[in-house]
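By written order: A, B, C, D and E. Residues from 1 in each chain.
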C-alpha cells in the first residue's frame, strides 16, 4: 500500500524538493505531497491543525513557536540545511562592477539612486538576515533608504534580474539558479545569525511513513540533491 | 358589489380628500388633468397608502388606516389598466396577456385569451414583444392583460385615450357587455364625456383633489351646473327610455316620458330599458310644430328656465313629460322666439344626433 | 417650408411605404392604431433609418438612402413631442423645458419659458421632477420642451390625447397661432378628427403602412369616400369663409359662397379668411324655409347626390353656392321629403353647432 | 494538450474550475438575496451588512485568509461545528478553497446584481402585483428575468475573481497539490523557482483562456437576455 | 490616536489614501469611457478589449505585478518612454502603487458603470438628440446624470479594491516605507512576524474604518442621485 506524506515546505526549497520527491517515489513507491508557501504562512496553518506531517521551515523562529506550542513530535526537530546570503548584481548594475563586503564599503554610493532589492527586512527570513548582516557591517543606516523590499526572496531576485534594481541581497542558492545575476560577494558568515532550515515531524502527523520520509530527506540521495542546488549542510551532520 | 372610498392623502401643493361610493356598474372619475384621479385609483389598487381613511369592496375592507388593515396589492385582485401601459418588456404579448391567469382563483371564469385577443385586434402579434408594438397596441395589451386576470373589479386609467375611433367603437360595446353580463364593477378615468355618458352608471367629478359632484350618471351629466366641468360642447341631458318598436326601415322607436324618439337600429329587444343622451347643442327650439324638416323627432314641452352664459349663447331647460331637456341656443334666437319660463315650445332633434355611442343600457 | 417624405421600410408583418408632401402649416397624419404613423414620424426625426427613400425639409436633404446622406438627429432641429413622453427623470420641470434652449442657434426666436409654462398650466410645478407629475402634466411638459427648443418644425405624436377638454381648448388656439404667426410647420398625429379639422392644412391618411389619401384638409375631410376612416359621426364638409361682420350681441357673421352663417364671436378681424366645418349630422334638410326655429342658419341649395350607407341613414350632398355641404339624415326623412338630385332644399344649421373648435384660420 | 501541460498542471486547472464553479454556483442565490435586500429593503443594520459584504474587497486577501483559517480551521469555532454537524471539512480541502473564492467574489457579484435590481422599474413590479402575483412570484417572473443580464455579469465577475484568487486561498487552505493547489497557486509556486517562468506562463495562458471563454459566453448570454427585454 | 498607531503606520494610512484616491480619480474617466464603449458601441475587437480589461481580475495579482514591472519598470518599454517624455517615474514610487491599484480596480469599476449605462433607456437619449444635443452633450446632460449611482458604486468598489490591493503592488513597486508601503503591505509585514498580530489588527481596523466610511458616504450619494431620478 503506497503511502502519501504531506510536507509543508518553504517555497525556496521547491526546486530541490521536487527532485527529491521524484526520486523518493521511484525508490519507495510512496509519494510526497508538498505544499510550498512562505514559512510563516505554513506555520500558522500548522497552528490551526493543517494536515501536514513534515514541516521544513526557512526560519527557525516559526519552528520555535510550533515547538513551544507542543505541535512537533518529540525529538524530531533538527536542522536540515544551511544557506548563505550574497550580494548580487544584475543587468542594472555597471558592467564589471566589483565590490567586497566589509565595514566601510561604499555600498550606498555604488547604488546611487538605484535600489537594493531585499526580501521584507522585518518579516521574511532572507530579509531579516540581510538586514542583520548590513547592520553588523555598519552599512544599514546608509543604505536603508534605498532598500526595496519584496514579499519574498525570489521576488527580490527578480527585481535584480530584470535590471530594475542594480543590486540585491538573496540566498546563495537563488543566485546560483539565476543566470542573469552574478554574485559580487558572500556576506561574512559571522555577520548574521546562521541561516538554517529546520525540519521536524508534526505531532499530529507522526507515523512510520512520515518518519521514513524525513529519514530520506536526511539521507544521502537527498543531500546530494540539496548540495547540487547550492545548499549547505549543517555542522555536525555526517558529511 | 359596491366600492366605498374615503381617503385623505396630502401631496405637495394640495391634498387629495375624497369620499364616494361606487355602487357597482361603471363609476367614472372625471376631472381636469392633475385633479387626483390617478392618485385615487392607485389608493384603491393598493399602490399608494393614503394617510388616512378606508377603502372597502363589497364589504371587505381593503384598507383602513385606523384599524391598520392594508390588504396587499396582489390579494386585492383588481385589474388595473395603467395610464402608462407598464407591459412586461421581457414577455411576449401572449405571456403578457396571460400573466395574471395563473394567479386567478380556481373557479374564476371570464373571457379567454382568444376572445380577448380577437376583440383587441392582437391576434397577429401574440408572439411579439412589447418593444415591437405601436402606442395603441401597447395600450390594448394592457387592457387585455387586466381583463384576463379575472379580477373582482377593473380599474381603468384612460384606457382608450390612445385608440382611434374605429377601435374605440369596437371596444366600448364590449365593455358594456362586460358591465352588464358579468356585473364586473369598473372604476373608469376618462376625459371623454361621450365615453363616460355611454358607460358610466355613476359619475364622480373631482376638482383639485376634492369631489365636487357625485351621483347617478343621468343626474350628474344633465346638471346645468356641471357645464363648465364637461365643456360647453358636451352639455346635454341623459334620459331614461324604453325600446318601443323596431321599424322595418332600420329605425328604432323609443318611448320617453315626453313622447317618442326615433334613432338608428338598436341591439336591445323591444321593451328593454335604456338611456339616451341628447346634447344641448343638438336641440333646436321651435315655437310651433315645424313642417317639411328632415328631423324626425319633435317633442312638445315647456320652458323651465333660461341660463345665460358668457358669450352669445344660453342654456334653455325644457320640461318634456317628466324629463328635462337642455338646449343651447343663441340669445338672438331666444329673443326672436320670445322664450320665457312657462312658454310652450317644441324641441327639434335630428334622429341621427342621438347616435349609438350616446346610448347606454342600464 | 415644405417637407418631402418618400420612404420604404419593412417591418415584420408589413411594410411602411409612404410618399407625401407637407407643404407647410399643419400636416395631419391620420390612421388606425398600428398604421405606421409613429414609424413615419420617427423616420423624419432621424430616430429610424428607413431602408430606402429620401426625406427633405425646405430643400435640405435630411436623409437619402441612395446618396447616403443621413443628417444626425441633433442637427435636424425638429421638435418632437413623443407619444410616450420621455421626460428627463433627473431634471426638474424647468430644466426639462429649457433643455433644448442652449442648443438653439443664436438668432432663433420663439416663445419664452414663462409664456409656455403659463399656457400649459405648469407654472406652479416648475421645480418638481417628472416623477411627481400626473399623466397629463407630463405630456404638457413634453409639449413645452419641444416648443422651447426653437425647432424648424414640430413633430407631434398624439400630443393632446391625455388632456382634458378644457386644457385642449386652451392649447389648440395656441397651436393655431404658432402655425399662423411663426409659420412653423407641424407634422401632427391625432385620432381626433375635430383636432385635425381645426388645425390641419394638409391631411395624410395612412392605412397599413400606405398613404390612401392625401391633400388639402378641406378636400380630404369633405370626401364622402373617407367616411369610413374618420367615422360616421365625424363626416362633414369644410368650407372656406370670410368674416363679414361682428355683431353687438356676440355673434359673428360669416360669408360663404352659399349665403351667411352666424356663429359665436370669433377673434379674427372683419374681412379675414377662415374655414368652417359643418358636420353632416348637424345639418337638417327642409323642403321649405322653416319658421319659428331657434336655428339661425338656413342656407338654400340643391340636392346633388344621395348616398345610402349600411343602416337607416343616408348622406345627402347639397350644393350651396360653389360649396358642397354634407347632411346625414334617415332614409325615412329622405322619402318623406321626396329628396332627389336637383331638388331645391334648405339646409338648417344651428348656430352653435359650428363651434369654435371647428373653425380654423387658413 | 496533455503533453503541453503536465498532469499536476492539469490537476490544477481542473481543480480551479471546480472550485470556481462551486464558489459561484453556491454563492449566487445568496448574492441575489443580499443584493435584493440592499436594493429594496429598509432594515436596521443595512449599512453594516453592506460593509461586511465588502470586507473581503477591502482587506488584504492574506487577512481574509487568516480570518478564515481562524474561523473555519479545524480548531476554529465554525470549522468545528461544521465538521461535527454536517461532516463538512473546509480547512485544507478544495471545499475551503471554494469558500475562500466565494467570499472574495461575493462583493463583486452582489454589487453587479444590486445595480441591476436598482435599475428595474418598480412600476413593473407593481403592475405584476395588481395582476395577483405575490412578492415571490413578482420576483421570479418579473424582477429576475429583468435583472438577468446583471446576474450574468455578476456571476462572471465572480467566476473570474474566483479563478484568479490567490492570497486568501493559499493562506486558508495552503498549497497542497491535487487538493488545494488551484491555478494561481500553481503559478505562484512556479514563480518561486528559477526557470519556472515558462511553466508559469503556460498556466497563465490557460487561466486567461478559461476566463476569456467564460467572459465571451456571458456576453452572449447577457446580450441575448438584454435583447429580449429591449424587444425585437 | 497618534499614540495608538506609530508614525510609520500613520504614514502607511496616509499613503494608502493618497494612492487609492489617485488610482480611482485618474482611472474613473477612462472607466466611464471603456464602459460606454462596451455598452453602446459596436466595433471590432470589442470582445478583446473586454477581455483585456478583465485580465487583472483573472490573473493572480503577482502576475499582474510582474507584467507591470516588465512594462513600466525603468527598463521596461513604457516605463522608459514615460520617464523620458513626461519625467514620470513609476517604479518604486507611490505613483506606481497608484497605477497598480488603478489597474486592479479597473475591471470592477468598468463593470459597475457598464451595467448602469446598459440600464439607461436609449429613448431618453434619443429625446435629447431631437432637442439638439450632440452625442457629447447627450452624454453629459442625460446619460451621465442617470448613471451617477452606478458611477459612484463603481468608484467606491474601485476605491475599496485599491485600499486592499496587495499582490500587484508589492511585486511592482515593492515595499518601501513612506513611499510604497501601503496599508496592506504594512499589514502583511506584521503578519509575517511571530507576535505581529496585534499591530496587524490595528492596521486592519484602520483599513476597515476608512473603507466603511467611503462605503457609507457613497451609499448616501448614490441614494440621493437615485432619488433625484425617481422623482420626489
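The rule we apply is simple: a contact is a pair of C-beta atoms (placed from the backbone, for glycine too) under 8 Å apart; a residue touches a chain by one contact, two chains touch by 3 or more.
Remember, it's a predicted structure, so these values are computed and weren't measured experimentally.
Chemist: So which chains count as neighbours of both chain B and chain E?
Modeler: Common neighbours, chain B/chain E: C, D.
Chemist: Which chain lies the greatest distance away from chain C when centres are computed from Cα atoms alone?
Modeler: Centre of mass proxy via C-alpha means gives A as farthest from chain C.
Chemist: If you average the Cα atoms of chain A and of chain D to get two centres, how far apart are those centres in Å?
Modeler: A distance of 35 Å separates the two centres.
Chemist: Report the inter-chain centroid distance for chain B and chain D in whole angstrom, where each centroid is the mean of the CA atoms.
Modeler: That pair's centroid distance is 57 Å.
Chemist: In angstrom, rounded to a whole number, how far apart do the mean CA points of chain A and chain B lie?
Modeler: That pair's centroid distance is 91 Å.
Chemist: Can you list the residues of chain B that touch 2 or more other chains?
Modeler: Residues 84, 128, 132 of chain B each touch two or more of the other chains.
Chemist: Going through chain D residue by residue, note those that touch at least 2 other chains and give them in order.
Modeler: 62, 66, 191
Chemist: Which positions in chain A are in touch with at least two other chains?
Modeler: There are none in chain A.
Chemist: How do the chains pair up in terms of touching? List each pair.
Modeler: A-D, A-E, B-C, B-D, C-E, D-E
Chemist: If you look only at chain B, which of its residues touch chain C in the complex?
Modeler: Residues in contact with chain C: 12-13, 31-34, 37-38, 83-84, 121, 124-125, 128, 132, 134-137, 140, 157-158, 161-167, 169, 191, 193, 230-234, 247, 249-251, 262, 264-265, 281-282, 284-288, 290-296, 311-313, 327-334, 336-337, 348, 350-353, 355, 357.
Chemist: Can you check the complex and tell me which residues of chain C touch chain E?
Modeler: Within the complex, chain C touches chain E at residues 45-47, 72-80, 82, 84, 86, 88-91, 99-100, 103-104, 128-132, 145-146, 149, 155.
Chemist: Help me check something: in the complex, which residues belonging to chain D touch chain A?
Modeler: My answer: residues 62, 66, 69-70, 73-76, 91-92, 170-171, 174-181, 189, 191-196.
Chemist: Please give the residue numbers of chain A that touch chain E in the complex, ascending.
Modeler: Within the complex, chain A touches chain E at residues 38, 40, 43, 61-62, 65, 91-92, 115, 117, 120, 122-124, 147-151, 155, 158-159, 162-164.
Chemist: Sort out for me which residues of chain A touch chain D in the complex.
Modeler: Where chain A meets chain D, its residues are 6, 8, 11-12, 14-15, 18, 33-37, 41-42, 44-45, 48-52, 152, 154, 174, 177-178.
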